[in-house]
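The structure appears right after this line, and notes come after that.
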Amino acid sequence: MSEEILRVKDLIKFFKTTQGVVRAVDRVSFSIQKGETFGLVGESGSGKSTTAFTIMGVYPPTGGEIFFKGVKLTGGVKSRPLSLKKDMQMVFQDPGSSLNPRHSIGQIIELPLKVHKLYENNRKERVEEILKMVGLPLDFTRRYPRQLGGGEKQLVAISRAIASEPSFIALDEPTSALDVSMQAKIINTLLRIQKELDLSYLFITHNLSLMRNVATRVGIMYLGKLLEVAPTSEFFIKPLHPYTKMLISSIPVITKEEEKLKPERIISRGEIPSPVNVPPGCAFHPRCVECQEMCSKTEPEMIEVEENHYVRCNLYIDQSK
Amino acid sequence: MNETRFRFLNEERKRELVKNWRKFSSNPLSIVGLISVLIVLFLAIFAPWVAPYPQSWGRWVDFNNVLKPPSWTNWMGTDNFGRDIMSRIFFGFRYDLMMAAAILVMVVPLGTILGLIAGYFSGTFIDTIIMRVTDVFLAIPSLVLALAICSLLEPSLFNSMMAVSVLWWPWYSRLSYGIAISLKNEYFVQASELIGASTPHILFREILPNCLSPIFTKMTLDVGWVILIGASLAFVGLGAQEPIPALGNMVSAGTKYMPDYWWMTIFPAIAIAFTILGFNLLGDGIRDLLAVEEV
Amino acid sequence: MQERLLEIQGLHLNYKVYEGYLKVLNGVEFNIDKGEKVGLIGESGCGKTTTMRSIMRTLPSNAVITAGKILFKGKDILTASMDEVQSLRRNNISMIFQDPTAALNPVFKIEEIFSDIIRFSVRTSSKKLTKDEIKLKAVEALKAAALPDPERILQNYPIQLSGGMRQRVCIAMALISSNDLLIADEPGTNLDVTIEDQILRLLGNLVNERGTSIILISHALGAVKGLVDRVYVMYAGNMVEVAKTDDLFSDPLHPYTSNLFKTVPKLTGGGIPEAIKGRIPDYFDPPKGCRFCPRCDHAMPICEKETPTFKDMGDKHEVACFLYS
């Protein structure tokens, strides 16, 4: 059994708005092992980014527990110890706004070194070492974010995240704003430094094809709830939850081999409802093709159908292991 | 190799400067503003040398030349003590600009920092305290407040400066408050929080540099207004006192001699208008320049 | 032989900026027949949207067309008068944008937006519609776009609708005035994958029913594949390859096309090869010859000097690359 880096138990994050309470993250539980990439997939409004932000402490959680390397985390980012911030980092979705336009790339990457008092005698060399690691030219240290392309900015954001030598990085849609050729470069860089630095990732995306190539385990989120968690290969070969099937069959693919892999066509219908009015019972039942009478009344629990394959659906209620 | 890289960056900076200058100069009004401001600055700095009768600035009387209309010897005429109006106006620029600069130096850092703190801690009691105090100051008409403060204290240049400062800082805290609130949720601020950077670092190294251009613009626009308020106080006798040649009390002194000796009032008034207009046009030009950059 | 609806011949377009000219379009060749469904793929910044905006004549004021023709039913759009262009926009060509939220004016109800469009689109046909007729037409259009309860939607403001519904409203709007050609600029990119799937299916059904030609622009290759007959691949202001959809995806010829397909993450897994090195060229100073040359693994001396032109490889498969000449 490998070492557990992060465990989230019944994590809850509600936002109060004028329209009502938004149940952004509703009793989400999962764990991430050392060196693993755990993927969270879902449509917009499913709460996947909120989950990451809550784990990182940008939003203080409403309820539930977060354990990092066995230590319980409490409260928001400001009340957490400095050593923890060194160990957990995050890369944001929009590379444009994640770098301060008034700072040079050198200053941006140097900041974590300064804050955590690392390499105090040879910071400049360390910054160049990090740039080399992500494959950026060294003269970038004097450049400013506006002189860079989107992909390069994202690589700088990744450099900043790895500068404090963390063991865990949350990646919130790191490539969704980029082109496919740039995406390939970012993803490969991420996977390479993961091996080199023995990192664990929480990888968030809406792109299932990308997830297939990155994650070791995948969780599907819908309206703040985890509906299915499984190892990646099994997840795509044998999806169980009707929502997962619908998602996979909606993915546009370009080769015949991929076409074969898709489950039989499930026509997608309906839209994700507002998280203020979550449907009663199973949240997915109004869009579900296999909806039964009980689905609108009883909310299913997460059950382990096969080893390490969890699903939250009334269809599998009898197959619990 | 190092050298070429350096040159490349310098080149780039130069190109940017040229580009900004072109953008700025495409509006003739901005150029008018810039030239006016430069003229005023020049006259203020070199007043003792460019003024035709530099002794006119202070306690100096020449009863042979009292209340002379504009002529070739005194272009803007003389006042009731026989002092040359034009020379006094040049020195007046000096006092008014010094007053504006001193006020802004006091007001801008104070207001900006308070606004930054309130904005970054928005939603907490710190925000409530700072911004409600700001609102109270903003709610009272500024000139009325300044008059009240000045009449409580002894009328002098220094006290009128204090009065204007007291009523001016809330505008800067409002401005930086708004910017801080919007920047607080930018990813780069969140990233530095996650890194563990200290609050002063986030306030002054991450957020503040992004506030500087709008604040600088507002400062340019404000110079004119501060001069106007200072002149208004001086006009009603609550600002600089005789014989200091502030533009406001020159206008005020002249009113007693209106309309027969109109030059005593009109020329200092034109000087005030000229200064304010110049700074406002310049400020507008800078604002347009920065507004485009922000998009 | 099919009737040719739109043809772009050797379109060159520059953007004038302070530092000089951005040489964006570099001899674009494109054609679409009546009733045909054509896809256009390429990375962001390759000139897809600029090309489409030149068809609609909605280019920004700093755009300069230096050469080329855009023939719509044999008539050059670029030299047409503004009245003719207006009539074209009202009756012949319409466009769907990437962001449905920005495409709908937030201060008007859907009904008001629709009635304006309907009134303008029939202005040329000399008869005036009554209020009821306009409403009937609007309801029909919304129904055609598979929107439930059109009467209620007409009374809503855009903000009250979800993203998917807004895009359906935009499609309905486009179809009222469009008789010949529909240009869809990344219609599903801002939407979720299940909603994008629905929108693309709807578009496919509608153009099939009405015999409208459609140009579908996307950087999501898979989205294009399911819908269109023929696909153009664009790179840095040039069309580099065109073929029937199945031929292109099974047998891409241009090095850019094949590398682009490789970089798309596959559902079958196995990692993502980093097939394309470098980045899109600087339009101030683009490569002299083939614009893909600096990033190409098969670059030859000739590629640096001359720009390749389309060469027919049979069965409507054309490629602009010196490897095949």
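For reference, chains read A, B and C in written order, and residue numbers begin at 1 within each chain.
One rule holds in what follows: a residue touches a chain if its C-beta (ideal position, glycine included) is under 8 Å from a C-beta of that chain, and two chains touch if they have at least 3 such contacts.
Here the structure is a predicted model, which is why all the values come from computation and not from measurement.
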What are the chains that chain B and chain C both touch? A
Per mean C-alpha coordinates, the chain lying farthest from chain A is B
Centroid from C-alpha atoms only, then distance chain A to chain B, rounded to Å. What do you get? 50
The distance between the C-alpha centres of chain A and chain C, rounded to whole Å, is 32
Could you pull out the residues of chain A that touch at least 2 other chains? none
For the complex, give me every residue of chain A touching chain B. 56-58, 77-78, 82, 85-86, 88-90, 92-94, 97-103, 111-112, 115-116, 139, 142, 147, 157, 160, 164
Residues of chain C defined as touching chain A within the complex: 43-44, 162-165, 192-198, 200, 219-226, 249-250, 259-261, 263-276, 279
Could you please specify the touching residues of chain B with respect to chain A in the complex? 5, 9, 12, 186-188, 190-198, 201, 206, 209-210
Sort out for me which residues of chain A touch chain C in the complex. 43-44, 149, 151, 179-185, 187-188, 191, 206-210, 212-213, 232-233, 236, 246-248, 250-258, 261-262, 268-269, 271-272
